[in-house]
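Some structures to go through are shown next.
Note that subunit A is present in both complexes that follow, paired respectively with subunit B and with subunit C.
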Partner chain A sequence: RCLSGLSKNACQSEQHLGQYYTVPPSHFHTVFPHGLPPRYQQQVKSFNEGCVMVRQPALELISHLKRADYSKPTLRYLLYGVKGSGKTMSLCHAVHYCSKQGWLVLHIPDAHLWVKNCKELLPSSYHASRFDQPIQASNWLRNFRTTNEHFLSKIKLRQRYVWTKRESTEEGRPLGELVDMGVSRVKSSSDVVGAVLKELRLQAGGTEGGFRLAVAVDGVNGLWGRTTLKKEDKSPVAPEELTLVHNLRKMINNDWCGGAVIATLSQTGSLYAPSSAYLPQELLGEEGFDSMDPFIPVPVSLYSEKEFESCYLYYLDRHWLQHPHSQTEEGKKELIFLSNRNPSVLERLCAFL
Partner chain B sequence: MAASVTGLLKPWTPRVLLVRWSRYNPYYLEPEPRKEVYHIPETELTPEQKEERELKSVRPIKAATNSVTSSVFNDPVLSKFVNMMMKDGDKIIAKGIITQTLENMKRKQVEKYHKAPEGKKAEIECNPYTIFHHALENCKPVIGLASIQKGGKFYQVPIPLTDNRRRFLAMKWMITECRDNKHRRTLMYEKLSQELLAAFSKEGNVVKRKHELHKMAESNRAYAHYRWW
Partner chain C sequence: MAAHTLKKSIWSLGRIHCHIYRVNVRNPLNRATYATALSTNHSSQNKGFPDRGNRGPFNRRSRREAGDPRTDRMPVDQDWTTVYPTATPFRQGSVPLPVRMGFPVKKGVPPEKKGNLELIKIPNFLHLTPLAIKKHCEALKPFCTEWPSALDTGAKCDEHFPVKVESKDYVSAGTSLRNPSARIVHLRLKLSCLNLDDHARKKMVKLVGERYCKDTDILAITTDSCPVRKQNYDYAMYLLTVLYHESWKMEAWESEKTVADMEEYSWEDSPSQKNIMSTLVRMQVAGEGEGEAVREELLGRPEVQEYRDSVTRLKNEGESESSMHQYRDAVKKLLNL
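And now, the complex of A and B:
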């Protein structure tokens, strides 16, 4: 019931629906330094292994990614669903597939982290009216470096970037140098992020040594809402005035080719959105929906009966369901009733049972 | 006294009907929350159970409290512990702390289990409920002390304790130990899980306190005859 990880990844098909596949532990630190939900990370630590269930939305995404034409403008996929139905996990599954196929993965763990709770907002040096977020940008660059080590030396810059009067990066230098500079010089890290995104966008579809670019954004509705950040005169900051958000929006526009954009809506981190909202129209708002407009929606539903069975058996196998009554039929019926087959609710219930 | 009063009282309803509180007319019967009792078919009932059923159809029944469920996961000892941990009537926070404690204990044990070599796996206890019950058992004192006045002075006299009193003392010691004697910045569920795991293996401050009580009782053996009940 637990398939082995690597070789079967590419040929997962409908037969494997509901079964778990193991991600080898070496991949966790390279592919997912920052992408996984925190409870799942705790689960990986407790069970000493990471198993992901193969589900319908993830398989659909992977089949689209296999068959898409990469000389046309990028396709945008949007995962949406009720709270706790497994959108982030499906995104991580797709990201794992992409990195196994050798794509360059740009994984933003949660766009909401960039529009709230920022301690330092510096006015940007590049553009007068915009604001920089040095801490978030440098963290993200560090994680980006861990994910895509082998690409950093291969990609060469096509333009000269000037950071201050004395610092500049010449044309033809490898991308790794740019990223290292961004991590060390925290003040200009947001501009470095912008430069990295621009370079990748230009070079993704190229025929000479071209690579495929996967942009995976979790909580994409944070890019088009309001922010909780304030300027020094206590007036609210609009998302366009943040360099990171501005550059990310340019990535999500489908005017480049040679890759795919996979996004997830998320109500949990979203600001000023009611807790019962889960449809794209409600969470993205007018502006967001118009900019994402031709996208492929992928609904993520709650566990079906077969998936619930599989999850239940997995927990039994890893000795997670310890209460003697939870292993009986009655206990199982009660779990179904209490969790309504919602994956995250089931996980929280089984945690203390 | 209740028996004689029950004979005098007829089924009466007061003018103001109070529901869902703890003071009832002794005429009222206790509720039965367990599902298995109602699934026994008619033929298999013993004569006492049949009588009980007939009585229940005539007499009024007290309202069940919110903490009692017909779920298979209901545990009376755990509910008592939650009530003792509760402050200002906030049961949600207390229940949350207990569930986090159970989860924390389970995680630590399951991690140990998966990393242990094959021979040691059977010895590691992963079920947080059995750990909780065994730890509580290890903390229950066997004998207690009472302050009895004789000839103007108060003596600490060793006395036997009822089961309820022992359980109460074990839970009280556990909670006060976690609240007072630990580092300020650790969260309550972390402190509780450490203490419970220690008590399960008979180490830790709570079992030490139990042993000290036993030693005091042993040293005051001479005054045991001051007890008159």
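And now, the complex of A and C:
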């Protein structure tokens, strides 16, 4: 069940469907400082280890990533499925694979966080009509720094960036300096994010010192919907008017090469979307669909029989199911009936037992 | 029932003396002097007196006791048309069904039909059983003419008589014969039998709005604004003529039709086409070359055609698992995965 020897994702294949593989604890802080779903993080803390189930959508993604040609324009993959079917976990699985392979990972944990609940909206210094979000930007930069430490010194800037009259970052400086500056100077952090994204876009897939860039966005439908933020005169802010969103949209376009964009749709954090919506066009809207087109939709379904068995045995193995009835056949049938094999519902149910 | 008749006779006797009668009754001693046959009667009368429920000491209600409901005496093979010959409110004593209706109280069931106002309020169709309708039809037959034998299928009717006009006549017995609902005229026709080209058809559909049903391709115009049926019929025909001629005309401002006005999605000149073209060109799928020739060649490829079909299907028909799968396969083939 828990094959800890499989920390090399490269050898994961169809035979390992339904089995769990362990992520070494050292990776948790570097690869996933902000990416995992909160309930899963709690589970990791309780079990003292992180085990991820190998499932069909993630394997499909990984196989595409292996075989894709990186001199062509970027391919975009979209994970969609009903609530709680495991889209974020599949995304994290793919991200882990990418970081193992030595790619630079740009993981945005939830794009919805950037379009709602923002306390401070500063008018942007770079572009008159846009708005900055310093807190979110600096948080993200900090996490980005933790994930990609080793890249920061290797990548050199190709352009000179002027922040204020006295500060500027010269050409040829390492990216790490830019990121540090963004973290410390909170006011211009959104512009720093924009600059970082631009640099990475230009340099990914380049022939000298080229690296592969994986852009992983969770809740990508937040980039094209409406926001709950308001300007000072109480008129609503459109997503394009936010610097972070604007720059991220440029990343998702496929006009650069040398990497992949993996995105998930999420209804859970989305604004003004009905709770039964899970198909791409409903959540992305016309505009979003046209921007993402052409993309490869990857459906994430509920647990199959085998996967459910595996999950159930894993919980038993970890002594998570304490109730004596849950260990019987009848108890298992009850669990199947109550959760309808939905991964998150099953996890919540078992938490009580 | 003997006590009953006895009581009646006493009442008829003692109208003038009723006052004295009552005084006597109140006297327990006197009560004992009456015959035993009456005493039971009196106890029932006494109940009436103290609470004055029936208004006043002289209330003369000759109340018969309610008999058994009619439902008890209904044979199974009865003629229902005699029970409910016309539209009448629900009578719980005449309907032999244990119907329940209403909001249930806590931990209860919906209230029963006896004394149920909800059942009386709603319209019921107890007078419209198939047998009743058959009887109606039989009664109306002498007033009808034969249906032409050549028009035996719906298709033939549509072919020879594409425009169907419907109006209702009302008969009722009352102070006046007239019924204002008789002026309403319904006009129905299929748009396919009109000579319309593409632009005219779209314009016609936009002009009539809700009166057109896309599934059955029927345009239904209902007129009731004039007081007389003939006027309404003329107005409906006028509307039809005007719609037909107007939809053929092309106004100057119609050339400003935007993508948002379009009824269905067309892939040409859409952002989707632009995206895929630029992607393919960058992928240099068609080899070296630029401009129109490359585009034409790309458009002619079967994978691109498949992709176009899947996107059009997604946008026009809405989403479903199968259309998503089709899109997925088309994209994979196109991008050579």
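Note that in this section the second predicted complex is superposed on the first by the 349 of 353 C-alpha atoms of A that agree within 3 Å, B and C clash if a C-alpha of one lies under 4 Å from a C-alpha of the other, contacts with A are read in each partner's own complex, and residues count from 1 in each chain.
Operating definition for what follows: a contact is a pair of C-beta atoms (placed from the backbone, for glycine too) under 8 Å apart; a residue touches a chain by one contact, two chains touch by 3 or more.
The structure displayed is predicted, hence computed values, not measured ones.
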{"item": "Partner chain(s) touched by A:129 [first = subunit B, second = subunit C, both, neither]", "value": "neither"}
{"item": "Contacts of A:297 with subunit B and subunit C, given as first, second, both or neither", "value": "second"}
{"item": "Which superposed partner A:72 touches (first subunit B, second subunit C, both, neither)", "value": "second"}
{"item": "Which superposed partner A:276 touches (first subunit B, second subunit C, both, neither)", "value": "neither"}
{"item": "Contacts of A:351 with subunit B and subunit C, given as first, second, both or neither", "value": "first"}
{"item": "Subunit B and subunit C contact sites that coincide on subunit A, given as residue numbers", "value": "none"}
{"item": "Touching residues (chain side subunit B, partner subunit A) in the complex", "value": "71-73, 99-100, 102-103, 106-107, 110-111, 113-115, 126-129"}
{"item": "Subunit A residues within the subunit C interface of the complex", "value": "64, 67-69, 72-73, 75, 254-255, 279-282, 290-291, 293-299"}
{"item": "Partner subunit B, residues of subunit A touching it in the complex", "value": "42, 45-49, 318-320, 322-326, 328, 330-331, 334, 351-353"}
{"item": "Touch list for subunit C against partner subunit A, complex", "value": "270-272, 275-276, 278-279, 282-283, 307, 311, 314-315, 318-321, 324, 327-328, 331-332, 334-337"}
